[in-house]
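Shared between the two complexes below is chain A, which pairs with chain B and chain C, respectively.
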Partner chain A sequence: MGRERLFNAAMLLALLAVPLLAWGLQEPFIITLATKVAILALAGVGLNIALGLGGLVSLGHAAFFGIGGYAMGTLASHAQNYEPLFSWPFLFEGSNQMPLIWLTAVLASASGALVIGALSLRTSGVYFIMITLAFCQMLYYFAISWSAYGGEDGLSIWVRNEMPGLNTLDPIQFFAVAFGVLCLALWFSARLARSAFGLALSAARQSEERVETVGLAPFKLRLVAFVISGPITGLAGALFADLNRFVSPTMLSWHTSGEIMIFVILGGVGRLYGPLVGAAVYILLEHLLGGISEYWQIFLGLLLLGMVLFARGGLIGAPVGSGGGA
Partner chain B sequence: MTNPVLKVENLSKSFGALKASNDVSLDLRPGEIHALIGPNGAGKSTLIKQISGGLRPDAGRIEVLGRDVTVLDTVARARMGLGRTFQISSLAMEFSVLQNAVLGALGARGRAFGLFRNVMRDAALLETAHDALSRVGLQDVAQQRTADLSHGQRRQLEVAVALTLKPRLFLMDEPMAGLGASGSKELTGFLDALRQEAPILLVEPDMDAVFALADRISVLVYGAVIATGTADEIRNNPEVRRAYLGEEELA
Partner chain C sequence: MSFILILEQVLNGLQFGVMLFLMAAGLTLVFGVMGLINLAHGSLYMVGAFAAAAVAGLTGSFLLALIASLAAAAAAGALVEVTVIRRLYDRDHLDQVLATFALILIFSEGTRWLFGSFPLFLDVPAYLSGPVTLPFGIQYPLYRLAIIAIGLVVGAGLFWLIARTRIGVQIRAGEADREMIAALGVDISKLYTVVFALGAALAGLAGALVGAIQSVQVGMGEPVLILAFVVIVIGGIGSIKGALVGALLVGLTDTLGGVFLPRLFALMLEPADAASLGASLASMLIYILMAAVLLVRPSGLFGGSA
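On to the complex of A and B.
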C-alpha cells in the first residue's frame, strides 16, 4: 500500500512537472498534451468507479463523455450567437462560463446515467456490456442527425470558455484548471473507495449474494455508483470539448468508450491512479509512435494484450506489486 | 412466546418433473434449534433458498415473525431479521476478515450511502464487527485476507457476519462443514448457547452434532417432510429408519 501511494504521488507530480517545464521552455504543444492526459484521466477516473469498484463493465461511458461535450457545445454556441436555448417555460441563455457549463454537464450526464443505469443494470455480464453500448450508439446517431448542432460535422466554438480569474486561452492556465479538477476527482474517488458505500459496492462486485444477505440491495448500490461515475466522465467531456474548442459525434462513438476503458485497464482496474497512468501511456504512445506510423495502435494492442495476459494489476501493478484493491 | 418465528406452510417447488419441495410445512419456535436432515438430494438446499428469498416457491407460503414474506426478496427478508449462512462460503474474498464483518454491521444499520467517511474508522461498526469476530474466535485473524482463510475459518466468518446482523432467527446451511473434530465441537457449544438469542433452523449432515443440539428434527426425503419430532422420536420412527438411518443400523 505504501509503495503504491509513493508511485501515485510521483505520477501526479510528473503530470504537474512536465507542463511546467514545457512552459519554461515555451513548448505550448507539450502543455496541451499534458492537458489532454489530465482530461482523459479524469474520464477514466469516472469509469473506474463503475468498472473498478463496482465491477460494471460499461462500454457506454462515451455517452457521458459526449453529453458533457455537447453540454459545453450547445451552451457555448448559443452564447456566441447571442440566442437563448429556449425561452419557455423560463428563459435559458447560453453561457461561456466554465462553472455554469460544468454544472450543466454534470447534471445532464447524471440524468443520462440515471436513465441508462436504471435500465441496463437489470442485466449483467455480456448483456450489460451490450446494452450500455447500445445506449451509447443511440446517442451517437442522434448527434449525427441533429443538424441544429452541427450534425455529423460537429460544432466549433471560436473562443475557449472563461473561468473567473483565469485566462483559459493561456495553455498553462487551462492545464491548471484541468489538473485541479483531476486532483479533486482523484481525492473524491479515494474517499469513496474507503467509505461505507465503497465497501458495500465493492462487496457487491465480489459476491452479490453476500450483500443481499446482509440486507443491502446490489441494484441500488450499482445505480448510485453509475450516477456518480457518469458525471465525472461527463465533466471530462466538457473539458475535452473546451480543449479542442470542438464537439463532434466522435466523442459519443464506441471507440471513445473503448479508449476510456483502455486507460483504466492499462493502468490497472480498480487502481485509484490507474486511469492517470493509462491515459499518460496512451497519449505518449499516440504521440511518439503516431509520428512513425499511422498504425501505431497495433503497438497499443500488443501492449494491452500483454497487460491482460501477464499483468492483471496493470502498469501500476508491475512496479508496486499486486494486492491493494479497496 | 409460543408464536413461531418462522412458519412454512405447504411449500412446493418443482424443477421440471423433479419435486424439490413437496408440500413442506415446518415451523421454528423461539429459543429452539430445529434441525433439517435428509439424504443428499432431498431438497434441503432448495428449501433453505426459498426461505431466505433466493428462490420463489410454486405454491405455499412463508411467514417470518407473523408476517407473510412469500413475495419478498432476500434483501427485505434480511432486513426483517433473517440471518443466513451459506453452505458454500459466500464472502467478499478480497476483503479482510474484519471488512467482511463490518459489511455485516453496515447491513444491520440499513444505510450504506455514506460517501466520504472512512468506514473502517467508524467506531460503532467496528465494535459490532470485533464483537462478532471474537465470539466465533476469529479476532486474531481479523486483518487477514479472507481468501487466505482455511475452509473452516470461512465457515466461522459466515457465522460471525450473520451475528453482526443481530438477527431474529438464523438459517444455517452446514455451518460445521470443514471444521474438523475440535472446531465442530466448539461450534456445537456455541450454537447451543446461541439459541437463546435467536432460534436456529439448522441444516447439518453431522449427525452427532444434530442429535446433540436439536430440540426438534425434521426429516426431508424426496422433497417431503416425512417426520418431525425430538431426537428420540426421530431415532425411533420406523419410517425414518427405513428411509434414512436404517442402512447404518442394519449393517
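On to the complex of A and C.
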C-alpha cells in the first residue's frame, strides 16, 4: 500500500496548495471551489464508511446531507430573527456559532440514521437500495411542504456563521475550517477501518455467515456503521449550507445521493481517499466542461458509464494499481 | 365531505395507481427475470412522453402519438439493453445503480439538448375530453376514466402474456433458472432484450398517458420512478401481482391522504396549521405505509426471498 499512501498524501497536499496559491494570486473563486471539494469529499468519506467498509449501498445519504444543511438553516435563521426555536420544555435558541450548529447537525443526522438504518437494515440487496432512496425522498417531500423553513424555495442566511477565533467570511479561513474537518474525518475513518469494529464490519461484508458463526451480530455492526456514516455526511451538509449560505430541498434530492455516491465510486470504493479524488474530479469536470457546454452532465454520464463498465478500480486504481479495498 | 367527493377521489387514486402499475410492472419484470435494478426506467417514461408530444405535434393524432410512445420507448429500451444493460447482469447492484444513474444523466441532458428546457404540451383529444356522468350523478373527466381502462386492459394483457403464451413461459422459466433454459435452447440474450423492451414500452405508454394531464418535461420520470420503487418494495420485487396490489395501494393512499388528511387535521387545529401539517404528513404517507409493510414482511407482500 506504499504507493497508495504516497498518492493520498500528494492529493491532500494538492488540495491544500491550490487554495493557498489562489490566495496569493487573489483568486477567491478558486478558494471557494477548493472549499467545495473539501466539503463534498467529507460527505463522501461519510458514505464510504457505510458503502466501502460495510458494503451497504445506501442511495439515501442525501437525507443526512440535507438534515445537516437544515440543522444549520434552522438554527441560523432563528438566530438572525432573534426568535427561540421553542421555549418548552426548555428554552432552545437559534445560534450562529459553528460548533453548536455542527453538534446539532451531527446529533440530528445520527438520529435520522438510527431510524432509517434500523428500518432499512432489516432488508438487504436491492430492497436496501430502494428503501434508503425512498426514505430520502420522503424527507425531500417533507422539506418541500414544510413552509415554515422556506418550503420549495429554500432558506437563505444573510451572514456566514461564526467560528471562535476565525473570520469565516474570509474564503481562505473558511477553507481552513473545511479542510481541518476533512482531515479529522479521514484520520478517523482510517482508524475506524483498522479497529476491531472496522475489521468485524469488513468481515460482515465479505462473509456474513462466518461473522455470525464467531458470535458477532452483522445487523448491529451495520447499524452502528450506518449511524457513524450518516453524521459525517450530515456535518458536510452543515458546512455546505454554510458555504452557500443557503439550504434548499435540493440538498435532500436523490440526485444529491447519486452524486455523493459518484464521488466515492470515481475515486474507488473502499479506498480511504477515494471520496477526495472523486469530489475533486467531479468539481473540476463541472467547472471545465460546464464552461464549454450547458449539457456537461452528458459527458459526466459517459465518463461514469465507462468507469463502471471498463475501469473497476476507480481513478486511484490507475496510478496505484488495483487491490485496495478497505 | 360528501360521498361523491370520496368516490371521485377513489377514482383519482385508481387512475394514479394504474399508471404506477404500468411503470412498476416493467421494473419488477426486469428485476425478476434479469436481477437488474434499473434506475433509468424513469428516463424511458420520459422518452415515451416526448415521443408522443412530438408525434402529436406533427400529425395531430393522439392514437399515433400513443403508438409512437410505445415504439420509441421500446426502441430506446432495446438499444440501451444491447449496448449497456447487457454487460451489467453479472455485476453487483452497486455497478447497476451507477451505470443506470449515468444513463439517466445521458438521457435527461440529451433530451434537454434535443427539445430544450421548456415543457411541451400534449393535448387530450376531443373524443376523450370533457366530463362524463357516472352513477350517483358524479361528473368525472372521460380522459381519466380512459386511462384507468387502458391501464386495466394492458395489465390484463400482461397477465395473459406471462401466464398463457410461449414467451411468458420462457420469461417465467428465465426467472427460475437461467442456465437451464439456455441449455434447453432458448436464446437467452434475445429473451432479455425482449423483456427489457417490453418493460420500456409500458413505461413509455405511461409517460404518454400522463403527459396529456401534466406537462411533458425533462426529469418528469424521476418522481414516478421512485414511487414505482415504493410500489415494488411493498408488493415484493419480481412479482407482477405484487406490483398491481402495491400500485393501487400507493395510488389510493397518496391521493386520499392528500385530500383528506388536511381536512382531518382541520377538525382539531387552526386552519393554517392544519393545511400545512396535513400537506406535510400526506406527502410522507406512502413512505410510512412502506415502512409499515416492511416491518411486518421484509420482502414485501408477495415477495419471495430478496
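Just so we're on the same page, the second predicted complex is superposed on the first by the 326 of 326 C-alpha atoms of A that agree within 3 Å, B and C clash if a C-alpha of one lies under 4 Å from a C-alpha of the other, contacts with A are read in each partner's own complex, and residues count from 1 in each chain.
One rule holds for everything that comes next: a residue touches a chain if its C-beta (ideal position, glycine included) is under 8 Å from a C-beta of that chain, and two chains touch if they have at least 3 such contacts.
Predicted, not measured: the structure shown is a model, and the values here were computed from it.
Student: Now for A:Y295: first (chain B), second (chain C), both, or neither, which partner does it touch?
Tutor: Only chain C is touched by A:Y295; chain B is not.
Student: Looking at A:I131, would you say it contacts chain B, chain C, both, or neither? Reply first, second, both or neither.
Tutor: So A:I131 only meets chain C here.
Student: Which touches a greater number of chain A residues, chain B or chain C?
Tutor: When the residues of chain A touched by each partner are counted, C comes out ahead.
Student: Check whether A:I262 is in contact with chain B, with chain C, with both or with neither, and answer first, second, both or neither.
Tutor: Only chain C; A:I262 stays clear of chain B.
Student: Looking at the overlay, does A:L199 come into contact with chain B only (first), chain C only (second), both, or neither?
Tutor: first
Student: For A:S87, using the defined touch cut-off, is the partner it touches chain B, chain C, both, or neither? Pick first, second, both or neither.
Tutor: The answer is neither, since A:S87 touches no partner chain.
Student: Considering only the defined contacts, which chain B positions touch chain A in the complex?
Tutor: Contact set of chain B toward chain A: 52-54, 73-75, 78-79, 84, 86, 90-95, 99-100, 102-104, 106-108, 110-120, 122, 125, 161, 164-165.
Student: List the residues on chain A that touch chain C in their complex, please.
Tutor: 51, 57, 59, 119, 122-127, 129-131, 133-135, 137-138, 141-142, 144-148, 254, 258, 261-262, 265, 269, 295-298, 300-302, 304-305, 307-309
Student: Touching chain A in the complex: which residues of chain C?
Tutor: 31, 37, 84, 87, 91, 93-95, 97-99, 101-106, 108-110, 112-113, 222, 226, 229-230, 232-233, 237, 276, 279-280, 283-284, 287-288, 290-291, 294-295, 298-300, 306
Student: Looking at the complex, which residues from chain A come into contact with chain B?
Tutor: 191-192, 194-200, 202-203, 206-207, 209-217, 221, 224, 228, 325-326
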